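Chain naming follows the written order as A, B, C, D, E and F, and within any one chain the residues start at number 1.
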Amino acid sequence: MNWIDEGALFSQISLFLREDLGRGDITTQSIIARNTRARARFVAGENLVVAGLEASEEVFFTLDSQQQLEAFVSDGEPVEAGKVIARMVGFADVLISAQRVALNLLQHLSGIATLTNHYVKAVEGTGAQITDTRATTPGLRPLERFAVELGGGYNSRFGLDDGVVVTSNHISILGGVAGAVKSAKEKLGYLHRIAVEVSSESDVREAIGAGADVVVFEDLSSKEFARLAGIARELSKLVGIECAGKITPADVREYAEAGAQLIRVEALTNAAPAANISFKVQPF
Amino acid sequence: MNWIDEGALFSQISLFLREDLGRGDITTQSIIARNTRARARFVAGENLVVAGLEASEEVFFTLDSQQQLEAFVSDGEPVEAGKVIARMVGFADVLISAQRVALNLLQHLSGIATLTNHYVKAVEGTGAQITDTRATTPGLRPLERFAVELGGGYNSRFGLDDGVVVTSNHISILGGVAGAVKSAKEKLGYLHRIAVEVSSESDVREAIGAGADVVVFEDLSSKEFARLAGIARELSKLVGIECAGKITPADVREYAEAGAQLIRVEALTNAAPAANISFKVQPF
Amino acid sequence: MNWIDEGALFSQISLFLREDLGRGDITTQSIIARNTRARARFVAGENLVVAGLEASEEVFFTLDSQQQLEAFVSDGEPVEAGKVIARMVGFADVLISAQRVALNLLQHLSGIATLTNHYVKAVEGTGAQITDTRATTPGLRPLERFAVELGGGYNSRFGLDDGVVVTSNHISILGGVAGAVKSAKEKLGYLHRIAVEVSSESDVREAIGAGADVVVFEDLSSKEFARLAGIARELSKLVGIECAGKITPADVREYAEAGAQLIRVEALTNAAPAANISFKVQPF
Amino acid sequence: MNWIDEGALFSQISLFLREDLGRGDITTQSIIARNTRARARFVAGENLVVAGLEASEEVFFTLDSQQQLEAFVSDGEPVEAGKVIARMVGFADVLISAQRVALNLLQHLSGIATLTNHYVKAVEGTGAQITDTRATTPGLRPLERFAVELGGGYNSRFGLDDGVVVTSNHISILGGVAGAVKSAKEKLGYLHRIAVEVSSESDVREAIGAGADVVVFEDLSSKEFARLAGIARELSKLVGIECAGKITPADVREYAEAGAQLIRVEALTNAAPAANISFKVQPF
Amino acid sequence: MNWIDEGALFSQISLFLREDLGRGDITTQSIIARNTRARARFVAGENLVVAGLEASEEVFFTLDSQQQLEAFVSDGEPVEAGKVIARMVGFADVLISAQRVALNLLQHLSGIATLTNHYVKAVEGTGAQITDTRATTPGLRPLERFAVELGGGYNSRFGLDDGVVVTSNHISILGGVAGAVKSAKEKLGYLHRIAVEVSSESDVREAIGAGADVVVFEDLSSKEFARLAGIARELSKLVGIECAGKITPADVREYAEAGAQLIRVEALTNAAPAANISFKVQPF
Amino acid sequence: MNWIDEGALFSQISLFLREDLGRGDITTQSIIARNTRARARFVAGENLVVAGLEASEEVFFTLDSQQQLEAFVSDGEPVEAGKVIARMVGFADVLISAQRVALNLLQHLSGIATLTNHYVKAVEGTGAQITDTRATTPGLRPLERFAVELGGGYNSRFGLDDGVVVTSNHISILGGVAGAVKSAKEKLGYLHRIAVEVSSESDVREAIGAGADVVVFEDLSSKEFARLAGIARELSKLVGIECAGKITPADVREYAEAGAQLIRVEALTNAAPAANISFKVQPF
């Protein structure tokens, strides 16, 4: 259900190329003859889930529309270390000049998909969904959300405008959970579901009493989460139960088994290292 | 020597806000009264080097110019876990709506400065310089280069247009080191220094023989690097000696001691996890 | 709860001015001396609800920031024919050159607020809410939504991305109400409320049976609407009940009294004539 | 003689789509399978003159270039209620997602063409020309001018930069008709024809005496207009005679018969209700 | 009557600076300390008419708003070789980094004003006006038109959209002067004056017979021009008489004395060498 | 080695066309029927070197992609007066509307190539290279650099960010050559070659002593240049020797023979008059 605006992506890739090329790749332009045919290969340097291959392809095409890419795996597929991900045929100067931007995208997005997949596998069979958060790299949110989806995760709201979450900062200003939720319910309930961040038993009771559609448990141990989630479920069969915080692949399953329907993980998009992928060019 | 184009940064921050706010923060707008005064604090959740504080401040100002930030540390300073980095006074709705973009920037850039600093400390006293590479997050290169500098690192060329590096991909197409270097020397030597990637003894001899100003050793063990760097230094007192590859904070000192003047580290900008920093808003 | 992005509005007003001024107001520039002080008045030519006064003010300020406007009524207030809405003091050339764009905005938006207000008054006391639709003038949606709010109406979803409505066109493709609703519920129910357009008793039963949160009755007579709304309410106490179609100020109350919680009216934004407002400039 | 800048139109349509789609049509994307073939029809719900069909077509093409439209009438042709205006074949998701923007344009522009045509028919045989004014919807002037032309009307100057009209506001500042006209004549007469707004006999005499090429009678009854137009014609055989103001289809012929060569009507572009046109999608 | 869109000028100057500074003035940034106060002087290296001083000032201000310029002459004034045109006080790094763009503008525009002034002086007393043409440097038309005005010249139409000139290329396609002029008269005569390029006696007769408001004599000797201009004046007392072509400061007076009311000179904007102006920075 | 960013060129040409066409070529649109086939020819009016033919072609294509150009010479080739440079086939209205922008570019760039070629021929056989400077027309630097290359010249650094030149203004602020050069060497020497402007013997000695890679002699007579260049060569076999200033085609050879390896000439790009080229359209 992820939607990448192709026109916007194309503009953005142009900006990425301009960032790296500036007034042109002076090395390549001065030593490689124009129209020299060449081929190249993307190779996985570790086990990973591929994401961003189409975007990387677009980088080469944006610079020069005559490059051809043959992919051996699709975005979202796992590959093992040493495997050739894709092969390209084109012009040597274009392949070399576009390489860094293409690799930067592919490594970054594959890193996210790979990390997401670790979380997803850890909760397999529990019915819990792993979702991203708004802790994305500025400027790259649509691509990073797509990488999360490719890794098997779900997307949460895109931004502050397409979903309602009453956070602890809202509650701190308003002085209480119940008032905050009631106010949101009245003003936006006819259009949106109302989610609210909670961290104590009284929060849970106030939130559900005031009509919250979803409760999000923040930064709790899995044990404490289990206890409060149980109370929430008792209070309402319909309320959505989610958790968030510094949850690792090692302990995520505990939250899932304690009743979390959705688990929001910031690390998916702000702590995944670039995947190890190389790009080698050869004469034809 | 880092140069952040302020007009460009301002435009970019507007785009980052638009990415997160879209048509507006509907939750905050519906439950927090306009012009409610509030204060907030950025707190370090781990030991880190601060980077991006000015950019984060700019995020709040871009949304509404009346917020005031009092910083307790400056960009580039180390702080310990638990320390308050800065304090803000302003309007509750603005602080809440801008929070995520500001935090995303601050955490990302502080993560880079902190990792860079680990490398820099590891080579202290050797005279070697740690530099960034072009393996940056697309769209964020100027900010990430600045974070590297704040962490004590140096910047390499900004892009393909302001420096000449003959890479292994160029050499693969041209069929040899000597020809590639000679060609670059002739065409660009009157304007630029010529660097070349090498990985064997014969490469080193060809490169220096053809007039390379700098040799960059790629993906060698520190031992092999030491051997080849010695040969390079023998061949020329003036040639610059650099190394690059998957070098970690643990082994970087070996390269420095083996004679690397510059050590290029991709991980600085493509593998640093977001620093742990929180933002809490309170009524005034 | 309406959110006007001020930066975006400012850019848009610059474009509106450029559309009208092109390379400059040649008449005014050639016959009115720069820096000639003048004053001007906006006068209502009929009973109306004012909307767009701040935007109009912004038009003058965008051309030259030294104009001052003193408003006698605020956006959202009703005025009678003949009443002075606002008074301006500034430079004659700026007042004259910006006049047409300012008036075009003010007349258009006041026309919408005025028409909306007729509908709102017609349902007074019934509890029904009058809402706008996506049938807005391309490019002016944020301003038009704001005018609807000023006239006492409510806003429906901003666009296709921040709310879910299963329409008759979706149902036509999918071959049935139940399947369409179920699919939407599964894929988006964890994030959004699901609304569905219905026009027969079987539609209503299928929609509610499949878990729709809201049913929207399209193009029904008020009598038929009353009958089906009754069935819907019987099936579920929680389901939202809305109607839409060619409803006029004359018959809107019948729908409200038949149980419509929300009444969606396309005419608010696509059939309101410009309000009659004049702008006269005088020497100081 | 109307000129639509195709590049600009294309950019504008992209903005219109972005306004409605934002980050994507979440309903359609989640329930309609990609590449589902479908067909659709635009049907007239009342007698009207079609305008904006090409622009509407462009809306679908901008979203996805594979949609095909077969038009049964061309822009500028009248159709009767019930008639199919055009038929489309394409993908269900694209047809549904683009529908609202396409309809908003087509209904708005056809509304203008239809109203214009009523005025044009009312003066048939008199030789008078019906023209638009600058009272257009901000951002849509080129399209609205084109709709006026399709309805049989003429275009007046595009903006303040490509024609000279001395208005009552200019005259108010300058303190008299004669001085204003003389000044305009001297400064711009070598490049442009000079038009001037008049509303009394003395105005007419001053204007023509000072060399005005055109006199525009503002807000006069048709009787008073007839009297003053007669005086103007007596004073000069060459002067252009125009009228403007709140003229309706019912009384426009009186002005034409009283000697108006051009009749400027604000209502064409600021008071035409959207034409009634529907769009229905069906499976293939 | 020249109109410089200040917002557009500001954007353009930002682009000019970006063109020269790219990612920053690396020399200055690395060797001049920030906030070093300095002063500088613009000095005329030859007799010239100053144009572009305000634009040059804007260049410095765009880079950093704290520079102060004290001008000793205004745009449009003549200065002698050796004279100080203006003095600046500000920061050394800003003065040095902005210098080249500021000088490029000032020298180019002063070159145009100076050359224009030679033509204007040559026809002094004859009543003829020297005007620019559309043969301007792409992207700089508004500034170059302004420079012409500062040199004492007049502006012709800004572009193809705000004036009507039937050229020899139109006539070549249409197969004759009379038809071309009649057609333009009918279609645009109610909005614009009609000018037509002529080069023979029969052209003149056809053009005036068909109702041309202005005749433009192209590429004729002054003698032949005198003869045809006489014929034109005989045919009509009202027709405007203009000439154009490769006219030099040496022979321009002959055309003026032969009856040219306007003389269009391409060289003003496409053959004026940069004026000799230097810029020297000194410590404070 | 010149790099024209095609996307950027295309955008720029669109702006150039918009500058000239504004809201459209009203003359042509009103009198020339759409789709009238025509042909046209570019003819040299003097001996010149062609530059900008591809860019001019792009102007026509940008307006309408169906025009065909057949070139008889390529960019960079010399042609004699009277020779047809290229022939076009297309639509009369497009050829006429785009003509002025196309000619303005072609004449301007051919003027630069032609003047450059005079300098290049004057130093033939000496080994000296003629280079451009940053004294280009704002906004046109990439095209003008390309024209210089087509005329046989070389390009110097593109802007302030891709090369290091310590100028007399830097030295004036820093108070001496040696310190300035040393500072630049330390901060940027690992990335760039360091050039420095000198004008006396002591400057030369300081510069070379401090490690300058290149010395640039400013505004010296050829005799004085010869003396100082000799001293520089004695001090270092490796240092680059360049000169700059008001050097004419008449005296440029003296500098070349005195040992200048590069001669930087501002006049190439700021004093070349438009080349004489005409464009005539004919019916098919």
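Definition applied: contacts are C-beta pairs under 8 Å (C-beta built on N, C-alpha and C of every residue); 3 or more make two chains touch, one makes a residue touch a chain.
A quick note: this is a predicted structure, and the numbers were derived from the prediction, not measured.
Annotation: the chain A:chain F pair of sequence copies touches via predominantly different residues, less than half of the used numbers being shared. Chain pairs D-E and A-B differ in how many C-beta pairs they share in contact, with the greater number at A-B. Counted by residue number, the contact pairs of E-F are over half the same as those of A-B, the matching pair from A-B, B-D or A-D. Of all the chains, the one whose CA centre sits at the greatest distance from that of chain E is A.
Centre-to-centre separation of chain C and chain D, using mean CA positions: 22 Å. Note on chain placement: the centre of chain C and the centre of chain F lie 55 Å apart, centres being C-alpha means.
For the pair chain B and chain F, the distance between C-alpha centroids works out to 36 Å. Residue positions 1, 22-26, 30, 158-159, 161-162, 187-188, 192 of chain B each touch two or more of the other chains.
If you draw each protein chain as a dot and join the dots that touch, every dot ends up joined to every other dot.
Those residues of chain F that touch chain C in the complex are listed here as 22-23.
Against chain F, the residues of chain A that register as touching in their complex are 14, 18, 22-24, 26, 29-30. Of all residues in chain D, those touching chain F in their complex are 1, 3, 5, 7, 142, 158-159, 162.
Those residues of chain A that touch chain C in the complex are listed here as 1, 3, 129, 154, 156-158, 161-163, 187-188, 190-193, 240, 261-262. Within the complex, the chain D residues that touch chain C are 12, 15-16, 19-28, 30-32, 36, 38, 92, 95-97, 99-101, 103-105, 107-108, 134-141, 158-162, 164-167, 169-170, 172-175, 180, 183-184, 187-188, 192, 266-267, 270-271, 273-274, 280-283.
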